[in-house]
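Next up: some structures, all given as structure tokens.
There are two complexes below, and they share chain A, which is joined by chain B in the first and by chain C in the second.
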Partner chain A sequence: MTDALKRPPKKDPQKRTNSPTLPPYARSRKAIAFTLAAAEGRFALQVCAECEHVTYPAREVCPKCWSMELEWRDIPDGGKLISETTLRTSVNSYFRERMPWRIGTIQLDAGPTVLAHIHGDVGEFERVRMIARTDKSGQGVMLALPEKETPNMADDRQLRALTCNPKYRRALVTDGRTELGQRMVKALADAGATRIFVGIAEKWRPYEGSEALEAIPGVEIMPLDITDTISVNELAAEMGDKADILINTAEYVRPGSVMQRHGVTLARDEMETNYFGLMRLIQAFGPGMKARGADGDNSACAWVNLLSVYSLSNWPVYGTTSASQAAALSLSQCLRGEFAGSGVKVINVLFGPLEESWRQPLPPPKVTPQRLADTVIHALTQGIENVTLGPVAEDVVRRYKEDPFVLERELTQINQGM
Partner chain B sequence: MVTAPASVPYERYSPEPAHWWLARVLSDLGKQSGLGADDVDGLCVSSFTLFPDTAAGLTQHFGLTPRWLDHVPTGGASGVITLRRAARAVQSGDASVVACISGDTNHVDSFRAMLTTFSRFSQDASYPYGSGGPNGSFSLMTSRYMDAYGVKREDFGKLCVAQRDNALKYPHAMMKKPLTLDEYMSARLIADPIVLYDCVMPCAGAEAYLVMREEDARAQNLPYAHILSTVERHNSYPDDPVQIRGGWALDKDEFWSMAGISPGDVDLLQTYDDYPVISAMQMEDLGFCEKGSVSEFIQSNTFTYDGTFPHNTSGGQLSVGQAGAAGGFLGLVEAIRQLTGGAEQNAVPDAQYAAVSGFGIINFDRGLCSGAAILGRT
Partner chain C sequence: MNETNALQALAGALTSGSIVTVDLTHTLDPDFPVIVLPPEFGQCARFRVEEVSRYDERGPAWYWRNFTCSEHTGTHFDAPIHWISGKDLPDAAVDSIPADAFVRPVCVIDCSQESADDEDFLLTPEFIVAWEQTHGVIPEGSWVLMRTDWSKRSGAEYLNMRDDGAHTPGPTGDAVKLLVEERKIIGFGTETVGTDAGQATHLSPPYPAHYLLHGAGKYGLQCLANLDELPPTGAILVCPPLKIKNGSGSPLRVLALVDRSAA
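Presenting the complex of A and B:
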């Protein structure tokens, strides 16, 4: 059985911070599709469109019928551990620091046998449930979990290395004024975060929910205005070394297309929060988090961006906001590139219309702030990097994956609210 | 026919490139055979670390103008497979004298570098899982094989100890200290159930031999051995969930009928032995004992050069060291030595027939290439 994780001791400032080392990152181009599925929390392998043969490792051609039509499909995640070993030496520095390390051969119900990391609670020759997740190098790997939930299961060190579990970690929520921000803080506390720094701009200005927010265990209200470079830098200087998880809840949303606006004032405000705000946060907190990717049980592990699904393709009803969100999405991709090699994940949640005042006239289905907060916690505990939330977002992402240019046509048709 | 076995003494680490090791063994081959660049019209090369060159570039480097050229990428099976290709070339008249050379260097970090980029499947699907390299892959095979056939660690230990005994009489062996079964049984775990003495030591080295017609060998006064039979097979039994048998099992009948002898006639066996599990598998799958009875077979033989069922008489890779692709040549070159009077302290008395077997390329979870040959004394 997994031992319960102990609360990490206070850090000794005299001691050197471990540099992040990485598991192997090189993959073939075909295998990147597996990494994408892992980033989305899906367990997918190549399936032959002609003969239905499931194949692994990633191939260019079906080894049974030589069809080139190999599709990545979600497959049943059940299997059985049929052979295992505990490695006690490794040529790779990341694993070498973490020896002994258990791996095994899994016979999947779907057909192939695969090599996988093995959760500590999986017994010899037992049935397992497979997950695919991105590892510290950002590439997809498989982990075999016990078929049934076990005590302290999430505390297993192999599983914890693939996830960003808030338990015993410290988080920064950049805007606590909104219902979303407050639900987020509460959800983090419930998930075991020990300290939650909550950014509040213009603290003297009263806001709804402030008392309840301050009463949440571990909450520390901090002055933060992400449209102000000095404010962001001051906060980073004060607690940047304790930002294990950063969740950017700040957003600036206004309805309207370009021609419905006069001048660029509102658009500039959107950019100040959605784009430049994110940029300030990255510049102030990014380097510190990047350096702390291997800093023990409460290492820096996740940067969470909450983005409108219309960051993928412009919806003219919220035309200029969509543009600022697209800029933020692009920046998050840059951040993912900059964090590569640090072990810190960039989690992007693309959500459909949120149940809040600036999206009040939009018809259902909508996403409640509670649901968005719960989804972030789920992504953190599961280690999922790409999340799509709500029926509207799912619909848009599905169309985007099919053909982004067709989606563009669909969102700009005459009946799309203009 | 096959002649002129040449082995360059191995080094744990070498600053020289693979080219140096291949050149050195070619030079030895020339000295030993009295043949030179003008006489050799066929070249076959096996090496992992020759980048950016292949056999083609080596022709110019080595001053050869061959009319037949091959580069064999089958790692531990390359000795047998090179022999097979070269013999067919000579038989069909495409070449008269083929130099078969294999060698690799081992720089301080080259083993890690080779594992990182060994193959696409290993890069995608095995190396990211703990980066144990062959230790990891073979431990999974070993554990499954032990469960399936009731093989014990003592059985593997006996093979390792016997090979070390043989190595003490082979001058080039890297391991020069005796090994006891107790030491084996209490050795440090590397990847359960594999222990330190189950693993080979990567090093730099080279091995070579010549293939030519019988009359040409006689004209040169070279002692030679006959090739009685060869087989090769790749990606055998792809649907076995874990490898517990190899391609030999598919080709066994053809192998023995081609040779015209039976397993009982064989005086010495050279298996590919980067872990004892694979030696045990070769003994079974080539028909030296029934599948599933290798434990008794091991317990009823000594495997030493002067005992019953001499096996890996030079000490094998486990005691000589693994010089990359040359590890696939080691057993073959030793077999030629044994049959041509070249073996000294470790000579198997009156050896008439030698079986040599190869196994190579752990591509993802298993070794893909297998081959075997029977050589006979003239």
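Presenting the complex of A and C:
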């Protein structure tokens, strides 16, 4: 069994913070599809459309029948460890710093034998459950887990290197005024976060749930208004070095298309929160988090953006809000580029209509704030970067992957709620 | 010095310190409360600043910023066209109001004890008349300020917002009518976030200070501070708003000239 992770000691102020080093990151263009699946928490390999042969590593043609019709498909995650070794030396700085490190060969039930990282609780010749996740380089890798849950399984350091587990980490939730923010804080506390900084804008306005929020263990209420650059910078100066996980729960949502808007005042408010707010947070907290990607067991590890699925394609019923969310999605992609190589993951959750006041007239199915909070915790503990939540979002993402231009036509045709 | 020249006398008093300048203005601070309307209405923009440069690569030797806010953010002036009742009046925007309105005598009605006892305190005609029995009838063309010491409150205590709305003092419609129609004041000011009481939506007419003052071409001042440093009568108010084309109001610096030798 895995030794339970101990609460990290207070940082020695005389010691330099380790710079992030990286596992190998070179991948072929074909193999990026594996990384995408890993970012979504899926275990996918190439399957030949003609002979059904599963192949690994990524190839241009099927090694069995020479067909070029190789498709990335989710495949069964079962397998068996057939050989293993423990690395005690390496020329790669990332692994050198983390010795010893287990790797092994797994015979997949789906066919191929693969080289993978091995969880500490997997014994020789045992059955395993494979996961694919992005590593500190942001590239997809495989890890063999014990087939059944073991004590303290999540604390395994090779697994923890692939996840953003909130246990013993410190988090910033940017807006605690809403039910979503408050559910998020509670979920983080339940997941073992030691300190949860909760941004509250405009304390001169009372808000529902404030007493219960303040009573959650580890919560520290902080003044934060992401529409105010000074406020964001002041908070970063105060606790930015303790933001291991940042979850941006602030959103500004209003129904209405462009012609239903009278002027640009509301649209500016949308941009101030959804776009410029995110930008202010990135400028204030990004550099510190990027520098702390290898800072021990409570390193900076995740930046979580909660985005409406209509950030992918405009839904005119919430037309200008969709546009601001599209801007936020684009900025999150820029952030992913800026965090590349830091070991800090950008987790984007694309959700369907949320059960909250500004989306009140929309019909079910909706995503409850609790579900969204639980989903974020799941993504963190699993190390998943791209999440789609709720039937509406799943449908939109499926259609987006099929053809974004067809989706655009569908969302903008007559009787789409306008 | 020729004491017959009023301005020369004033200049002498200002430099000698017998007349002092009192600042009645709150600092424009991003976190200073603004009026909160039901969420489906447009909202009052908060005060915000963004740096353009600060002795850095954006401008090596200079520091300057852009600021944004509403015409009704912070200590601010209300022009008659702010309200529908004043929308068709002539010279009713901040850029067209005759400048003499911005330098006028001021009367300060002390309601601080009453407001401490009752956060929904309403200033009535009877209260004004009783004040006049001590301090004299309010002179025509004066500003009248309602002192509540509300500016000493901070945080949630300032708007005093509850589930049924804000609870802050203000005038009744009849009090505003008395000031406008009989005393012929030029404007009315408060320490609270608006010239009206927190619960003024439930008065008749709703928001009587806004409706009646601006309908009669009078002006408003709100979010004032330091009214406790003013005498009941005898001070001069200086309150020029920014000259915004067709502006409904403006943040501004409000000053009062107070003769200390008369105190």
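The definition used in the following text is that the second predicted complex is superposed on the first by the 418 of 418 C-alpha atoms of A that agree within 3 Å, B and C clash if a C-alpha of one lies under 4 Å from a C-alpha of the other, contacts with A are read in each partner's own complex, and residues count from 1 in each chain.
Here is the rule we go by: a contact is a pair of C-beta atoms (placed from the backbone, for glycine too) under 8 Å apart; a residue touches a chain by one contact, two chains touch by 3 or more.
As the structure is a computational prediction, the values presented were derived from the model and not from experiment.
Colleague: Go through the superposed model and pick first if A:Gly209 touches only chain B, second if only chain C, both, or neither.
Modeller: The answer is neither, since A:Gly209 touches no partner chain.
Colleague: Touching A:Leu266 in the superposition: chain B (first), chain C (second), both, neither?
Modeller: second
Colleague: Which partner chains sit in contact with A:Gly218 here, chain B, chain C, both or neither? Use first/second/both/neither.
Modeller: neither
Colleague: In the overlay, answer first, second, both or neither for which of chain B and chain C A:Tyr56 touches.
Modeller: So A:Tyr56 only meets chain B here.
Colleague: Mind working out whether A:Gly120 is in touch with chain B, chain C, both or neither, as first, second, both or neither?
Modeller: neither
Colleague: Between chain B and chain C, pick out the one touching the greater number of residues of chain A.
Modeller: B
Colleague: With both complexes superposed on chain A, which partner does A:Thr89 reach: first (chain B), second (chain C), both or neither?
Modeller: A:Thr89 sits against chain B, while chain C stays out of touch.
Colleague: Could you list, by residue number, the parts of chain A that touch chain B in their complex?
Modeller: 23-24, 26-28, 30-31, 34, 56-58, 63, 82-92, 94-95, 101, 103-105, 107, 113-117, 135, 137, 139, 141
Colleague: Please output the residues of chain A touching chain C within their complex, sorted ascending.
Modeller: Spelled out, the residues of chain A in touch with chain C are 202-206, 223, 225, 227-231, 265-266, 269, 357.
Colleague: Report the residues of chain B in contact with chain A in the complex, numbered from low to high.
Modeller: So the residues of chain B in touch with chain A come to 111-112, 115-117, 120-121, 123-133, 135-136, 139-141, 143-144, 147, 188-194, 238, 241-242, 364-365.
Colleague: Going by the contact rule set out above, which residues of chain C touch chain A in the complex?
Modeller: Residues 30-31, 33, 36, 39, 42-43, 45-46, 48-51, 154-156, 158-159, 161-162.
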